[in-house]
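Dropping the structure in here first, questions after.
The first chain written gets the first letter, and so on, giving A, B and C; residue counts start at 1 in each chain.
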Amino acid sequence: MTSLDLKNVGKSFGGLQAIRDVSFTMASGEITGLIGPNGAGKSTLVNLITGLLKLSSGTITLDGQDIGTAPPEAVVRLGVARTFQNIRLLTDGTVLENVMIGYHRRETASILSGLLALPSSRAETAQLQDAAMEMLGRFEIGHLAHATAGALSYGHQRRVEMARAFATDPQILLLDEPVAGMNEAESESLGHLFRKLADSGVGILLIEHDVKFVSKLCHQVHVLDSGRIIASGTPDYVLKHPDVVAAYLGTDEFEGVA
Amino acid sequence: MMLQQILNGIASGAVYALFALGFSLIFGVQRILNLAHGGVFMAGAFVSFYAVDTGVPFPLAILLAMVVAGLVSVLIDLIAIQPLRRRSHDIEYAAIVSTLGIDMMLISVAQQVSNTQVLRFPFGTFPIQFFTIFGLRISLLQLVIFAAVIVLTGGLGWYLNKTSFGRQIRAVAENPSTASLLGVSPSAVYLQTFFIAGALAGLTGVLIGLSFNSIHFLMGEPYMLKAFVVVVIGGLGSLTGAVAASLLLGVLQALAVAYLPTGVPDMLIFAILFLVLLVQPNGLFGAAGMAARVGRK
Amino acid sequence: MMQFFTANQALFDFFLLSLGFAYSQQIVLRAGVFSIATVGFVAIGAYLAGYLVTKSEFGGLPAILAATLVAGLGGLLLSVPLSRLRGVFQAIATLAFVEIVLNALYYLEPYTGGAMGMNRIPKLVESWHLLIAVAIVIYVVWSIGRSGIGRAWDAIRQDETVAACLGVSIRKYHTLAFVLSGAIGGLFGAMQGLYFYTITPEQFGFAMVVSVLTTIVLGGRATLAGPIAGALILAVLPEIARPLAENRLFLHGAILLAVIIFVPDGVGDLLVHKLRQRRNGTGRNMIGGETS
């Protein structure tokens, strides 16, 4: 059981306060929702957790260990993986290569064995290739293994990116708008996948502005607006919260939910 | 003696400044290193020489050099840079390569045209006259160069900060996509900055050709190398920084050449460049605000 | 066959040397480092080997090994400050490094011969030595392509942020690239030094920086075939374009321009990708239809 804790997290860019006083906790095995209108600071928060941005205030801990100042490669080694809102694949590489690099933290072959193609390096490459193929199968994109990643459809690219993040064997997985731009059927099938991943023990933070999707999957939802958490609780509770209604008022994302 | 050397240093620094202004302008607006800037500079010198050679009055020849160099520079943007902009990444690397290619083509043309000869302006093209102020000798040409630096830096600053064209340039430099949403055409701005930079380079070419009374197809290269030093120390993209760093470099070089053995002055200058990059990669004179480094931001 | 070889031996040796320099340049670019320090390493290797052979009791092989080691160490040292810089700043800093080395060669006249250079270096390197050295380097680069090192470099080059977020230590892999680039540059620099009887500082100037970079632009940054394709084009081009000899520089520039615009990955990389796609039966176009 792993838990990620944010305490009074704040971030300012110049004079602009992008995130202020955000605190919440999430644990492995659960799907936690983080919703909010565009520009609320959701992606900034993900960048703070994964080591791309420096905290202005507050602490972020993983099982009590401070990760608020760790560089990104250390954060992921401790078990926190992510996807990007605007999908960032290695576009020139194949799907298989994209997922294989996800296993980087598992690599143990020495530099020297890599330079000289010693058996340990070759065996590792073969083994990671098998593991990556299996992972592609779990995300139902095994048939695309040798396709160039940048040439895939949007939905497939999202799946490749998730498979890659999952290959790092995370305890906590931050998914930044994983169903943005997908149709109902596609998001439905991804929803099932997330459920399965969570049941296997991974903690998922689902960052979305599709409120409906989040409310179906999560027991606990946090609502971010202008960098602050304005409501936390069950989907039913937060969606009726007056501040949340006000924050979403006039945006069509809220239609058909309340 | 030493004061005279400092004065000479300032004079050559002023020329570096003229060269670096255009180079730095292009970097500031587009984030690319235009390696063909030296070729444009050389083209300006060539145009003025052949104009004078065919009997065009010198002031007109200068104007012609600036216009032609400006147009060559615009062509560089059209041929070597525009096709790269559609790409999402790697423009930095690609632009260095493509402008390098153009530079080689310009040098080759100049080599053919001049038959690999050093060209010299006919005697009397520009009056050779010296003044003595407080025991320091200064030539009329040096005074003209000082005046050009002051007028052009001031003019460019005014243009960028006070006119609506300038505001467009700054908007594009800040963020091209936002600027185009506001109705500013980035490609028009790019062409404009390339023209200004080219015209400045052309003028510098003429002035250098006069100063050393020597124009040849390889004259751009040493100035390119100096321009790297200047724009880094001044802060890539910062115009006042480029001018300040140029003067500093000119003085430093004049003193180093006078007092240090061969090889050491250039070694010293590039060592300083190296150090500045490590300690203060955005330059010594104000922040250019480039992501020169990595890490949590 | 043999006749052809002896007639073109100089051309062949030149090709092997430039292939070595090209791998030194490619390794850093492949790892996403915009370094053009290769020529600096080559100069260090050439002069060190030349000095060891002429002024002390070193034989050819120990001199070459020493030069390789020292230049690799130089790469290690250079990587410490340079790992903090990116993009054009790295390019300018490494250009400064090359200029510093170059001017040091002029200044350290008692050891380097100054502008006159180093003369009467015994010719200890033959074609087959060059061939062995190239074979070793190709084997190493081939191995890298099948290891975690190659995967990490390819990831860093394409998107450094993503690589870091997947646990790749950018610093470690950049340092490795610098060390290998230095060692390979030093190795072939030393071989050049012991091949041509004489070395001068001006051989290692801006022109060489451009020609080494050109090899990789033409050939490609990511595959084993890249430098081979690039060096081949550069070796054969002057032969084909002999009628255009006077315009060689123009042609050279025009090719650089055309390749970076129309074949940005380089000819060698492009061919390898095409072959790979054919083998796997999945081209870009076959699934590109649904790209949004």
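The rule we apply is simple: a contact is a pair of C-beta atoms (placed from the backbone, for glycine too) under 8 Å apart; a residue touches a chain by one contact, two chains touch by 3 or more.
Predicted model only: the values in this text are computed from it and were never measured.
Taking the mean of each chain's C-alpha atoms, the chain whose centre lies closest to the overall C-alpha mean is C.
Farthest from chain C in terms of Cα centroid separation is A. The geometric centre of chain A is 47 Å away from that of chain B, both derived from CA atoms. Per-chain CA centroids place chain A at a distance of 39 Å from chain C. Each chain gets a centre from the mean of its Cα atoms; for chain B and chain C, those two points are 30 Å apart.
Taken residue by residue, chain A touches two or more other chains at 51-52, 71, whereas all remaining positions touch fewer. Among the residues of chain C, those in touch with two or more other chains are 170. Shown for chain B are the residues in touch with two or more other chains, of which there are none.
Those residues of chain A whose C-beta lies close enough to touch chain C in the complex are 50-52, 71-73, 76-77, 81-82, 84, 88-94, 97, 100-102, 104-105, 107, 109, 111, 113-117, 121-122, 124-125, 144, 146-148, 151-154, 164-165, 168, 181. Those residues of chain C that touch chain A in the complex are listed here as 139-140, 142-144, 146-152, 154-155, 158-159, 161-170, 176, 180, 222, 265, 276-277, 280-282, 284, 287-288, 290-292. Only residues 33, 79-80, 83-84, 87, 90, 92-94, 96-98, 100-105, 107-109, 111-112, 221, 225, 228-229, 232, 236, 261-264, 266-267, 270-271, 273-274, 277-278, 281, 290-294 of chain B touch chain C when the two sit together in their complex. By the touch criterion stated above, chain C contacts chain B in their complex at residues 29, 34, 81, 84-89, 91-93, 95-97, 99-100, 103-108, 114, 160, 170, 206, 210, 213, 217, 246-250, 252-258, 260-261, 264.
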